[in-house]
Amino acid sequence: MNPVISRYPVPELKDLPADLRERILEVQEKAGFVPNVFLALAHRPAELRAFLAYHDALLLKEGGRLSKGEREMIIVATSGANNCLYCVVAHGAILRVYEKKPLLADQIAVNHRKADITPRQRAMLDFALKVTRSSHEIGDADFETLRAQGFDDEDIWDIASISAFFGLSNRIANVIGLRPNDEFYLMGRVPRQKKEQP
Amino acid sequence: MNPVISRYPVPELKDLPADLRERILEVQEKAGFVPNVFLALAHRPAELRAFLAYHDALLLKEGGRLSKGEREMIIVATSGANNCLYCVVAHGAILRVYEKKPLLADQIAVNHRKADITPRQRAMLDFALKVTRSSHEIGDADFETLRAQGFDDEDIWDIASISAFFGLSNRIANVIGLRPNDEFYLMGRVPRQKKEQP
Amino acid sequence: MNPVISRYPVPELKDLPADLRERILEVQEKAGFVPNVFLALAHRPAELRAFLAYHDALLLKEGGRLSKGEREMIIVATSGANNCLYCVVAHGAILRVYEKKPLLADQIAVNHRKADITPRQRAMLDFALKVTRSSHEIGDADFETLRAQGFDDEDIWDIASISAFFGLSNRIANVIGLRPNDEFYLMGRVPRQKKEQP
Amino acid sequence: MNPVISRYPVPELKDLPADLRERILEVQEKAGFVPNVFLALAHRPAELRAFLAYHDALLLKEGGRLSKGEREMIIVATSGANNCLYCVVAHGAILRVYEKKPLLADQIAVNHRKADITPRQRAMLDFALKVTRSSHEIGDADFETLRAQGFDDEDIWDIASISAFFGLSNRIANVIGLRPNDEFYLMGRVPRQKKEQP
Amino acid sequence: MNPVISRYPVPELKDLPADLRERILEVQEKAGFVPNVFLALAHRPAELRAFLAYHDALLLKEGGRLSKGEREMIIVATSGANNCLYCVVAHGAILRVYEKKPLLADQIAVNHRKADITPRQRAMLDFALKVTRSSHEIGDADFETLRAQGFDDEDIWDIASISAFFGLSNRIANVIGLRPNDEFYLMGRVPRQKKEQP
Amino acid sequence: MNPVISRYPVPELKDLPADLRERILEVQEKAGFVPNVFLALAHRPAELRAFLAYHDALLLKEGGRLSKGEREMIIVATSGANNCLYCVVAHGAILRVYEKKPLLADQIAVNHRKADITPRQRAMLDFALKVTRSSHEIGDADFETLRAQGFDDEDIWDIASISAFFGLSNRIANVIGLRPNDEFYLMGRVPRQKKEQP
């Protein structure tokens, strides 16, 4: 029996609107399984659509100085601060895969100050956590600190928006009790063998 | 000279993609002015589009037990807890207009426990603030408390999502220094005279 | 029917000791109504007398570098931090009247960092909130910061005492559930018309 | 050389207004020394007068269910929570003297939950600390808890006002760096021998 | 080159006192590597000896109702609350091994309320975190809650002591920047293959 | 009748293992009474043994720049922050005796920023409290601050370990409700007369 993945009813793929079903099948094709967040949020198709549009605008965006791995660092640090199990586990997996560093996600989730990251990435995560915890205290000095690390104002918007968006995600996941897929826990920790073997 | 409304460049209406320009003109038609959030977030069209889609999914949704005024109560309480000037002022105005109670927004922004609301609305806002501050501690007991006030699980999803979405909005507004339009401060505090006068 | 303004019995003007009655009539003459704090605290005449004496020593004092408007800024910021509805609403009104800036009180109550104030006033409010939240950590560096903004030590005493006194006021108002007069909410937001009309 | 008792100039007794000088001489007569709070606050005679009037209204009041010792318990617990050295030490001394229990003040200053007090006093101090820390969350349930311990609403006003007033006192003492008289530290810890010996 | 495992000099095994060297070799034999905590703390042999004696008294103790896995749950939850990377990673590994549940440690480190544990274990961890965060507020009610879950007072002592001891461990690890061995991150997540292969 | 000193059974001296009995008799010989912590923790002989070994390694250690009095300052400041009555009272007494300053312990327990200590000791206690409250945020800058005051890295280890160890002690004392011996409250406040009189 499968464990419950949400407090709320979880629709079946076949019952979803076509656009969402396609998107989910695409993800499944790529990841090998359907991340639970898609199915759980599909309980509200209009919200899921907006969620994915926002997600894509922030994470698929080309340009800027934030690598894909760095964007995931922001997500993992934010999710750790918000104690969101789903997001720590799922985005921790993606971070490991992107950065090809199997230890990094656990380090950042527990305490980014001890993580194997650059001073620039440290400043990026310090800022992301300030956005998470006390955005009303953010001011010029914070922008100066980031600029001194080579970020421009567009990068700062990116950091802030990613942290803010996943703060939304963390809260919904916490409220609905979203359960991470078992697959995420191990992903990126060991060399991917199956695909390499013909 | 107009005051600065955002740390970031603010596009002119004419330079915006058609869909966003139309949406903004629609709002302007209805409100009599363009709320600054539209122009400031239009610096990132893709993100604004997703933002509006999410916003509409939560606030324009039909059905459920949350009135339009109650949804604004959640926004004002959340924004007060996050010290977001733009959202307290702008959604405070909308709340006054919807509820036709000129005192309510200030009460909820400062301390919803002292506001002229029903016990059911008090429970709704207690929960919204728990989503804001410690969503990881939410559990069955919170659901029971809300059900005892007549909310069903779909309503609870609504409360949580509205609070979570405006937590995102609060953080971005705080980081970019989004300035509320002067018009919002007074809106809903005095009878609307101009329109009634031919 | 009038709404309840306090958990405690509220005396009638005619039953009050002469000195308090006179003071209250004076205020009524000036403001056009009796602020509820006078009536609610008159439940304890000796305490009200001391309260007013302290209030007057801090707010009616001549000299020093704090304008009357700046003293109200301190009160509004402190009361916002203490979530005191009465004091935010009533002193927000007085602040608007003194400074003739209809937006200022809402800005300071929600987040003084985003308010239309000078850097000197920003430093003043930063200090007032430190008095409110962690006075035991105040030390030489805080005095230096304020002196660098042109305040002398007497001004600093004033800021600290105003913040501390209204911290007292906030706590009592919160405990007795003191309700702001409806008149305060709108005061100072629109041009005063009635008096100008003969 | 005497240690500095305040950041601010401390007036000499002879230079004070007659009413304050008399009051201070009275205290000196009774205590054997002048508590530093009188001299330090006398830097501002009008404020000191109001301070003493408020102090007397709360602590010299006859009637009610709060013994003099219990009022001092509230002061010590509040001052411990606010980390105010002067008030913990000075009122700790007075508490020991009133209650004739040499251990009680240290217990209450550090953790009233472990102090040798009655459940009624425990409830009184729980409430006083809630006034100190989160007065905006106080509501009917808090009143019920205290009533169940035999307090009436007038007693609750007393507890709240004493806690609130000494919160003011704590903040001013912390800002001016008010130093407790050395005499207070030992007072009430050992039997008073000198006076009894002719 | 090996990464730095501590801010402080790390002794070589051969330079350690015999008792510590033996203990460490024993652990190495069992685990396949020397956990960094042993080498880093061996910088202070007397303290390490005491540390190990305390550790063994709590974790090797026979009897009581806490299984070895449950003791590790307490350590992981406490270390998560204290943001201690070493302890989360190292004891997370041990927890996975003991409980044979590869997902459990990550769940408990991020938010034990969402972990696959029993209500009894949930109560155990709630209490452990109260010991970590506000032990001064612990009282009879906490003991009652645990007794209702089948724990006796000796078990409660165990929970409290394990949480308190690893609070010590967390603080030292954080200060010296103790780095978890790479081996821990993966341990218990995949079936142990190597040893089974002859 | 003696007051209860612990929630747990307290063994009699004669029933203790010989090594613990001897240690306790030694302390009794020196102090004139048996500090309750020995008897209360003797409920768990193995843990007490480890506790004493750790205690001795930190407090009896020769060398380093921390005087015995300074080590007690760290304990008192830490215990004040953790609201541990036993440790504030017992180690406050020892601090007074070591430093021969009867006022110092109360000052440090309430607010070390106002205590009669050197800037070097102030930095030491600032760091000890950071270890207590947010050890995960400790980094290079904290080490630099302490080095600038003349501490070397071994001293910093000492400060951290003493604070961490007494954080453990505070938590256990709080959970078991450990009661300070009455003798501690007065110790070091008045000249020791009895022993000098033959």
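In this document, chain identifiers A, B, C, D, E and F correspond to the written order of the chains, with residue numbering beginning at 1 in each.
Note that in this section a contact is a pair of C-beta atoms (placed from the backbone, for glycine too) under 8 Å apart; a residue touches a chain by one contact, two chains touch by 3 or more.
Remember, it's a predicted structure, so these values are computed and weren't measured experimentally.
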| item | value |
| --- | --- |
| Separation of subunit D from subunit A in steps, with touching chains one step apart | 2 |
| Neighbouring chains shared between subunit B and subunit E, ordered by label | A, D |
| Superposition of subunit D upon subunit F: rotation angle, C-alpha, nearest 5 degrees | 180 |
| Where subunit A and subunit E are represented by their mean Cα positions, the distance between them in whole Å | 28 |
| Separation of mean Cα positions, subunit E and subunit C [Å, integer] | 53 |
| Whole-Å separation of chain centres (CA-atom averages), subunit C against subunit D | 25 |
| Subunit C: positions in contact with at least two other chains | 83-84, 111, 114, 136, 174 |
| Contact graph of the chains (line, ring, star, complete, other) | other |
| Each pair of chains that touches, named by its two labels | A-B, A-C, A-E, A-F, B-C, B-D, B-E, C-D, C-F, D-E, D-F, E-F |
| Residues of subunit A defined as touching subunit B within the complex | 7-8, 43-44, 46-47, 49-51, 53-54, 56-58, 61, 82-84, 131-132, 135-136, 138, 143, 153, 156-157, 160-161, 163-165, 167-168, 170-172, 174-176 |
| Residue numbers on subunit E that touch subunit D, as the complex places them | 136-137, 139 |
| In the complex, subunit B residues that touch subunit C | 3, 80, 83-85, 88-89, 102-103, 106-107, 109-111, 114, 116, 174, 177, 179, 182, 185-186, 189-190 |
| In the complex, subunit A residues that touch subunit F | 111, 113-114 |
